[in-house]
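Before anything else, here is the set of structures, which you'll find just below.
Each of the next two complexes has subunit A plus one other chain: subunit B in the first, subunit C in the second.
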Partner chain A sequence: MKRKVINYAVAFFILLVLNFILPRLMPGDPLSAIYGEEVLVQMTPELKARLIERFALNKALWEQFASYILSLAKGDLGYSYYQNAPVSKVIFSHLPWTLLLMGLATVFSSVVGIILGIESGWRRGKLTDKTALTGMMVLSGFPSFFLGIVLLLFFAVALGFLPLQGAKTAYGKLTGGWFILDIFKHLVLPLTALTLAEIPANYLLTRNTMIINVREPFILTARAKGLSDSKIRYRHAGRNSLLPVVTRIGIKLGIIVTGALFVEIIFSYPGVGNLIYTSLLMRDYPVLQGSLIMVTVFVLLINLGVDLIYKKLDPRT
Partner chain B sequence: MIKSRIVLSIFLTFLVLFLTVVLLKTDISYGQIEAITYTIADTTGDWGYPSPYTHYCRGPGYVRMSFIFDTLVWKARSGFIPLLAKKWHYEKEENAYIFSLREGVSWHDGEKFTAKDVVFTFSYIKKHPTWMVDSSIVEEAVEINPYTVKIYLRKPYAPFLNNIACTLPILPQHIWQEVENPRGFQKDEALIGTGPYRLCDYNRVQGTYLYQAYPNYYLGKPEVERIKFIKVSEQIAPTALRRGEINASSVPPETVKDLKKEGFQTLTSSGSWNAKLMINHTKEPLSSKKFRQALAFAINREEIVKITQRGYATVGSTGLIPPSQEYWYNPNIEQYSYSPAKVKIILESLGYHKKKGYYWKNGKKLTLELLTSSQFVRVAELISQQLEKVGIAVSMRSLDSKSLDVRVGSWKFDLAVSGHGALSGDPFILNKVILGEGFISARYNKNELLNKLLINQLHQMDREKRKETIYKIQKIYAQELPALTLYYPTWYWAHDGSLNLYYTRGGIAFGIPIPLNKLCFLGWRRAP
Partner chain C sequence: MHIRYWEKLEKDPFGKTGLILVIFFAVLAAVAPFATQNPTAQTPLIFKPPSITHPLGTNDVGQDIWSRLVWGARTSFLVGLGVGVLSTLLATLLGASAALIGGWYEEVVIRTVDALLVIPTVILVILIAAFITPSIWLLIVVISLFRWQGGARIIRAQTLSLRKSMHISAAKSFGASTSYILFRHIIPDLGPILVVSFIYSCRMAIFMEAGLAFIGISDPSVISWGKMMHHALNFYYLDVWKWWLLPTGMALSAFILSFTLLSYCLEEAMDPRLGEGNA
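Entry: the complex of A and B
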């Protein structure tokens, strides 16, 4: 356990160093690499002096690194001169929308994928299994953004059932239940696209493990005990088929923040993915680097978490 | 047991059906726009808190600010009009502009607007420079009486009206005099101006703005009661227009034909931005003027427009100033229309001879490196093909845009495809992109006459004389060819016609090519 934590700490440190060194390795003035195009648009001598001091750019590399670590420790992810706001504030204002979208998508795709996988694996070779398998194979060929575009064109553009863009109606003056319904209506299409795109992988993994597990002796034992069919299916075979899926969901959770990038762009959904996209267009490097650090921390933390959950799930440990 | 399951599943089915029907049938307010609200779509959405110091330093940010803050002078469809200043004139002897201000103008908080505010604004931007105005040319602003201001310039400065008087938002002294850090000032008071609108709401995350008409506006209460900016991507904008969710938006070129057929009004602008072939004129063989001319003959710009821009662009003028700048554009300059025959004559006169399809000199094959960023890969590929076709070998490299800018800035390149905007405003941009320092500039000072003309044009207060100079500059620039303008992309807007939007000639303020001039929202009869 201790060794695991040390491993994670080392990985984190390496990523911090990378994040520090990359802008300084970029061709040209590190100031413009750290502060993006705004340096060209609105740089005044005072601003330049202030920035050089802030990043200790006139000092030795290790001193720059020390001041970088120090400000990170204070939770300072940098300052976006394009947005004229601290990077952490910018990112956190977009984070709830991504978490709402990706969180729900992860939950739905996991639940649906696992249940379908268990049922399908249980009925291996039967018509339901074959149909589900074929359907999932086809679905897995489509990336989320493609599904997003199809859904958008069909339900929003052609049929006009659902809103085209955004996360809520701007200045719709909605309150209470109507407001929630409005948020929900805006959420349906991107959420469906992401969920549909994620289901096949969870389904296939669960089904595969399920097929192996069904043949295991402990299932026979369970049957001999006279347990009901559904109990054997879910408590015995199903539970033991979860391991690989949990690993996969864990890995996916790590990139939850950026995972919806394309779908967010298609639906102009105001999440972190959209923020990263805009920052890239405007060459707002501070926001990009801040997002990188945040994603890093997320991935590491969640991997650590998955490692811990694994112990609980795995009957062998 | 089985019975209860059936009942439960029937109940669930009905519940799902009911929810679906409710969901699909309830039409929440989108889809309807009240007559007095005008909704504008924007792909990016967020352009910053619209105070003069906190909006993002790009055209759309300025436009959102311009609804709240007025300037001394403004531009209507085709020329300067008085705004906070009733009239103005230039005094040659003293090198000063005298502005007579409008009386009876009030700030949004009810305070009176006077000459003191104008004087204050000029001194404030000297202390806290902004991206939109370079005030270094202004010596000082002096109050003559409460409604007259005299602005002394260090030197005669032809772009003064456009770049300063028409661009600088006037700040209320009673609020900003206390403000030490204008970029951090984001309170409600930061948005007290004299303009036709006040901000009701700004949502950074959703990228939305809501403006409300200011009833005591000195030109009369604006007819459009509310202006709404919402975030909608350009690809979806045509659908949003058709559904009546928005009134106006920029739209992709391919959709314009259909929209027109359906009765929407469309607006076109070309010439504020240009894609440019940067040429390293400090290095052999590109340092030879003749060689650069041969390059221009070898590059078929019409084909570039047709293929890479699908025809939605104007062919670049070798004089840099686009044809849409009717007043300044010189139509009588060498345009180097595509001619492989002329390439051959020039290259042979420079001592090159053709072998195995390529030109050689002193035993070396003529090879040029062409840099591009992902944005211009198709343009660069086509240029490579065109050059290879006439016998110039090209090695093309695609870099990320920052590395490209750095390579161009430090002269580590032969040819590079790049681009810049600001061509729709005052021709002072010529100085910035011919003599200026940055990587968007050709940094070309080898022609004494060109240098002299460029410096002179800034100080020529007589518009006609300045035009002559600008004509000459284009002519010499086209002969010297320190860089080659390839094309000016065409931009399209569509709107439902409920307002008469237009592209302001010379752009909004210093030259912003967006058809959202605040005058359009005041109402036709009263708009000056």
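Entry: the complex of A and C
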């Protein structure tokens, strides 16, 4: 466990170093590389002096690094001159939408993937299993952003019964139930795209584990006890097939984050993914770096959490 | 583990389909200069629906979409193969050397592997690419630098167990030379792992190149499917998506699918517990 914590610390450190070094490797004025072009518009001699002071740019490299780490430790992610707001405030205003989208997609894709995997692995080699396996293979070929585009084109553009973009109707004065319905209508397409993209990995893993588990002696024992088919399938074989899926939630999170990034961009869903995209387009480096740090910290923390849960689930480790 | 790749691929419907698809795209990429018009030439014929001269119509600046689709296959292929070769090479080099040398060197490699495994790769690449808009070659290098950890971990474990395995001590006791053991035993034994890790890297790289190009991180001098899709999406309100956006997305998906099928087929061959029966 101690080893794992150190791994996460090393991973985080690598990211910090990259974040620190990259803007300073850029040719030209490091200030515009750190703050984006936007700062030059508002630049006054006083501001420049203050920023140089703030980043210790007139000092040695290691002192710059120290001041960078120190301000991060204080929770200061910098200031966005494009958005005219502190970076942390900008990110926190986008975070809820991403959490909503990713949380629901993780739950739905896990449930659907695991159930399909259990059923498919149980019927291994039969027609239903082969059909499901082929279908999942084809689905796994579609990148999340193309799935999103296809859904957008058919349901929002061609059929027109779901909204094209955003998370809620702009300037709408909806309240109560109508407000929730509005949010739900905007969520359906991005959520479906992300869920569909995540199902195959869960399905394949569960199916493989299920195939191996079904041949184990404890299944024979369960049969000998006269348990019903569905009880053996879910309580015995299925439950034991969950373990690798749970372990992978942490690793898969990185993939879901990436998927959410693309899906949010396609549906202009106002989450962190879309924020990363706009800050990339606008060369708003403070927001870009801040968002990437936040996302990585989030992924690392969840991984740590999964490790802790896993210890409880599987006492052998 | 010695696998007869060809036999396995021929017998397995997934493997066969994957192989046919890869060959199809390889041929497409190879004949690109002969089968197409100038993919970058702009003409006054904009937004034309499919016709005999333009099988997939033309885009907003009058470029032939079919030609761009075929040239895009080259970019995907190049990035896939490049990252596949480079990252597998890195994985083998670092994984095997860690197992053979041991000591603090092994510790450093393992630590780096573990740290890289938990960072979302795409995010790192976006961060780097935001500052240095990479050329296609630099992109291959950057993706490879963050794509070797998974392979290296497996290769190290496998080399460790191989070093002590029976057939290698047997070969040694018959007086086999080190190079004989290396080429007749260690490399064929690592073979399936190297092939699967190569295919995984190809798949991941093709997806990443398209994804990055889709969000605007791309070499301006190349034609990329991701860039085409992003460009086409701007005109979603016209009918052009039917022959511009959809074929491009389908091509990308089919290409990614072909690698998924191949890796699944080979993985099944490697895991005897999954390999029995007729799945």
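By our rule, the second predicted complex is superposed on the first by the 306 of 317 C-alpha atoms of A that agree within 3 Å, B and C clash if a C-alpha of one lies under 4 Å from a C-alpha of the other, contacts with A are read in each partner's own complex, and residues count from 1 in each chain.
We take it that a residue touches a chain if its C-beta (ideal position, glycine included) is under 8 Å from a C-beta of that chain, and two chains touch if they have at least 3 such contacts.
All figures in this text were calculated on a predicted structure; none of them were measured in a lab.
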First, second, both or neither for A:296, with subunit B first and subunit C second: second
First (subunit B), second (subunit C), both or neither touched by A:97: first
Partner chain(s) touched by A:133 [first = subunit B, second = subunit C, both, neither]: second
First, second, both or neither for A:157, with subunit B first and subunit C second: both
Subunit B versus subunit C as contact partner of A:238, first or second or both or neither: neither
Most subunit A residues touched (candidates subunit B, subunit C): C
Which superposed partner A:268 touches (first subunit B, second subunit C, both, neither): first
Touched partner set for A:78, first subunit B, second subunit C, both or neither: neither
Shared contact residues on subunit A - subunit B and subunit C: 26, 33, 152, 157, 265-266, 281
Contact footprint of subunit B on subunit A as seen in their complex: 26-28, 32-33, 38, 40-42, 44, 82-85, 90, 93-94, 97, 152, 156-157, 160-161, 163-174, 178, 181-182, 184-185, 188, 265-266, 268, 270, 278, 281-283
Of subunit A, residues touching subunit C in the complex: 6-8, 10-11, 14-15, 18-19, 22-23, 25-26, 33, 124-125, 129-130, 133-134, 137-138, 140-143, 145-146, 149-150, 152-153, 157, 204, 208, 211-212, 215, 250-251, 253-255, 257-258, 261-262, 265-266, 276-277, 280-281, 285, 288-289, 292, 295-296, 299-300, 303
Touch list for subunit C against partner subunit A, complex: 14, 111-112, 114-124, 126-128, 130-132, 207, 210-211, 214-217, 229, 233, 236-237, 241, 245-246, 249, 252-254, 256-258, 260-261, 264, 271, 273-274, 277-279
Interface residues, subunit B side, partner subunit A - complex: 23-24, 26, 28-30, 43-46, 48-49, 54, 56-58, 129-131, 183, 201, 203-208, 210, 228, 230-233, 236, 239-240, 243, 245, 401-403, 405-407, 409-410, 438
